[in-house]
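The structure follows.
Residue numbering begins at 1 within each chain, and the chains themselves are lettered A, B and C in the order written.
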Amino acid sequence: MLLIILRRLGQSVFVLFLVAFVSFMMFRYVGNPVDNLLGQEATVEQREALIEALGLNDPLHVQYLDFVTRAVQFDFGNSYRGALPVADMILERLPATLELAMVSALFAMFFGVIAGVYTAIFRNRFLANVIMSSSLIGVSLPTFLIGVLLIWLFAVELGWLPSFGRGETVQIGFWTTSLLTVSGLKSLVLPAITLGLYQMTLIMRLVRAEMLEILRQDFIRFARARGLPEHVVYFGHALKNTLIPVITVAGLQLGSIVAFAIITETVFQWPGVGLMFINAVFFVDIPVMSAYLLLVGTLFVAINLIVDLLYLAIDPRIRDGQLKRQNT
Amino acid sequence: MTDPILSVRNLRVVFPHRHGELVPIDDISFDVKKGEIIGFVGESGAGKSMTGAAIIGLIDPPGYIERGEIWLDNERIDQLDVRAANRIRGRRISMVFQDPLTSLNPLRTIGDQLVETILTHLPVNANEAKRKAMAGLEEVDIDPGRFNAYPHEFSGGMRQRVVIALALSAGPELIIADEPTTALDVSVQAQVLDLLKKLCREHGTSVILITHDMGVIAETTDRVAVLYAGRLAEVGNTHELLRRPQHPYTRGLIASTPAVEYGDISTELFQISGTMPRLDALPSGCAFHPRCEQALDYCASHRPELQQDGVACWLYADG
Amino acid sequence: MSAEKTLIRRFRESDFLYDFKRSPVTVVSFVIVMFLILLAVFADLVAPTNPFDAGSLNLMNGFTPPMEPNAFTGETFVLGTDDQGRDLFSAIIFGLRVSLFVGLTAVILAMVLGVSLGLLAGYRGGWVDAVIMRTADIQVTFPSILIAMLIFGIARGLLPPHLRDEVAITVLIIAIGLSEWVPFARTVRGTTMVEKEKEYVQAARLIGLGSGQIMVRHILPNVLSPVLVIATITLALAIIAEATLSFLGVGAPPTEPSLGTLIRIGQDFLFSGEWWILLFPAFTLLALALSVNLLGDWLRDTLNPRLK
């Protein structure tokens, strides 16, 4: 058991170094740090001095190690625009993105599982068919379009909800939250739905497919033949077995949610790291891009690791199967 | 003579189909007496498993019982709603399926699944249920200490014994065992069958044993029903039926079973020519007549009914 | 001639066509996709005006609602005009052309890349396989839209500023193409590994056919139907990715607006009541993405029931 975890950790660290390498190459070779810091009119001496100061003449691996060391200490250099430390920019904006992502994920998980179970158990009912058909539209709709259409309906036509920003926020330590004010919560509704809708339909279709598959299994037939009540068959036997793949996918989707937050944040002008990233791409602000890549990369690796470990914890077959493979 | 515990009368199961309907079971009637082991034998697709599914009320949609009645001890059980059916399933009629590897929920311990079944049917508290579950495991020669083990930690034969413990856990009057040993290694087949037989004798439980194996029928059952293409071909006392089969199909089945115990494996085995007809292309008259060596012209146009002497064949019809 | 005839007849009598006709949703999706493709191909002929010819624009025509004559010029536009007096119907047709062009070329790029790498990995095995498939594993842990954004951003950084708009479309195609190759590679690799062990491939090797020839002539035909299914599904993804990037302002440049760019422009006028500038391009994109998706789903179920 410990061995599997250690090996899995090793893989994660390897991927992390790879992500860091890409960020580093970007930081170092895309765009020119010297030009960006000094401008075009600098003298050759000034340039030489800066190159020396930045360590750009050092061997590549030294520079890479230096980059990683500083990244671990949360030092990503300064933004080309505004010359603020990138780390400060991220810290300031991270709470907004994380709150949005968490609320969306909960929304997607909750309604996705309920709708999936419903459409699987009552797959011939009218409502189930309606849900299934509309879910196909949900999957086909680009996230930004969902956002724009929601704004049109709920902000412009009905005027019920705000269409941009976070509303009022409350400061708790370094964390700013919009979860504690009415205007903050109202501002959260449309972005959270926009961001969560795609994941919700995905989870729903997955739960439905898995559930239907499992309901065909012998052990469900046997459970029925033992006279177990319907709700026990569905929830005690079918749903639990459904949840393993669902947890995997939902967990991995958490990463996607953070990535798709870029889109949602742009649509709703949500002041998070995604909006910061898209502006960085637009203005070729390489340090910000590179730092964002590192941040998101770390997040993804962490999520993958956690999902894998959860998987191990839930399914006794995998737990033992892997153990056996390790021992032989 | 004791009253039958189960009575099936003129059962007909129908599956609606693109071009009309399929009839996997057509006009079957039989009784199961208290404590007896009755075998259902026939080729795959003959309607053996479907009969079991019909009795326990688990025919897969869109199939349904079109006609006929199923009586369990003077209670009609073929038209119950889910709730009423669940009070019968597991409690009064249990089922054992073919493949023990897939019959148990892989994510829950065997103890958990036993306790759950006992609590569903019997008026006991959790502690008593656990004690009963352990006793049940002991009965099927599984160490009760493995109460908290998962199904994948057992071998196929052991798992089938766990399945039997589950089926017996609420003290049913009838067990339908659908090919209970087909998926097992030959070496443990006899062991599992003996166990099933022994426990049912002890508890006075009746058994419907579904199999395609004449050897299993001979070893285990008191009576036997031969099915062909959804109809009963012959019913009778196992001992007599094996010694004096009447229906040409029964004779063919017996002749095609190797009789290893007499050491005459050298004898060439008989083969019934042809294959069982598909359900969507049943022959007219007696469904067996295209394969029957003794078929009369009459057999092709008239369907034989099961007679008092337990055989459905024109060769034995008087007049 | 006769061979052609039997081919047509075989197609007519095939299950493929039978299934197709029996699924009205699929037929409708197919008609919509075909219609949109034709519109895009013949944009110059169909569109009433050339929306990018600045000389033909009349600012007085700005913000004309659909089907209503303009208050100043009296001109009528089927779908109205935008702030600069550009005919929206024409802009949508030309935007559709950009969207479809980027989507299709990106899919072709992804397909060529994915199929080649998949063949190579499956056929060669060993470290070649390991490198390709581990790269794929790592890449799919990140959403493709994020990968596409990164590639787009890096390319912008490497290009001198004056070239950025000019080659934006090419960069966009490469970015999307590079972000979608993995499913192709995985499927092709799997099939290749199975096929290469079969006797006819062994036989081909024995009679001295080169690896390249074996891969192209014997293994490639076996992967065509799953590749077609993946390509259709990827096309929907690529169209959505293009629209998303353009909407975010990091895709098609304002000089060559795609549907996504038009929606980005339209969002600015949502609150001032000019809903048509946003909604018409939005529904065109929706129709396109949904139809391609439905076609892909149907193809998958028909050709490859197990590929899910």
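Structural remarks
Simple rule for what comes next: a contact is a pair of C-beta atoms (placed from the backbone, for glycine too) under 8 Å apart; a residue touches a chain by one contact, two chains touch by 3 or more.
Bear in mind that the values here come from a model prediction, so they are computed numbers and not experimental data.
Leaving out chain A only, the rest of the assembly separates into the touching groups B | C. Averaging C-alpha coordinates per chain and comparing to chain C, the farthest chain turns out to be B.
Separation between the centroids of chain A and chain B, computed from CA atoms only, is 53 Å.
Separation between the centroids of chain B and chain C, computed from CA atoms only, is 56 Å. The centroid of the Cα atoms in chain A and the matching centroid in chain C are 25 Å apart. Those residues of chain C whose C-beta lies close enough to touch chain A in the complex are 138, 141-143, 145-146, 149-150, 152-154, 156-158, 236, 240, 243-244, 247-250, 260, 263, 267, 270-271, 275, 278-279, 282, 285-286, 289-290, 293-294, 297, 308. Partner chain C is touched in their complex by these residues of chain A: 15, 18, 26, 30-31, 136-137, 139-145, 148-149, 151-152, 156, 163, 209, 252, 255-256, 259-260, 262-263, 266-267, 277-278, 280-282, 284, 286, 289, 293, 296-297, 300-301, 304.
Considering their complex, residues 217-219, 221-230, 232, 236-237, 240-241, 244, 314-317, 320 of chain A touch chain B. Within the complex formed with chain A, the chain B residues making contact are 56, 58, 82-83, 85-91, 94-95, 97, 99, 102-108, 116-117, 120-121, 150, 152-153, 163, 166-167, 170.
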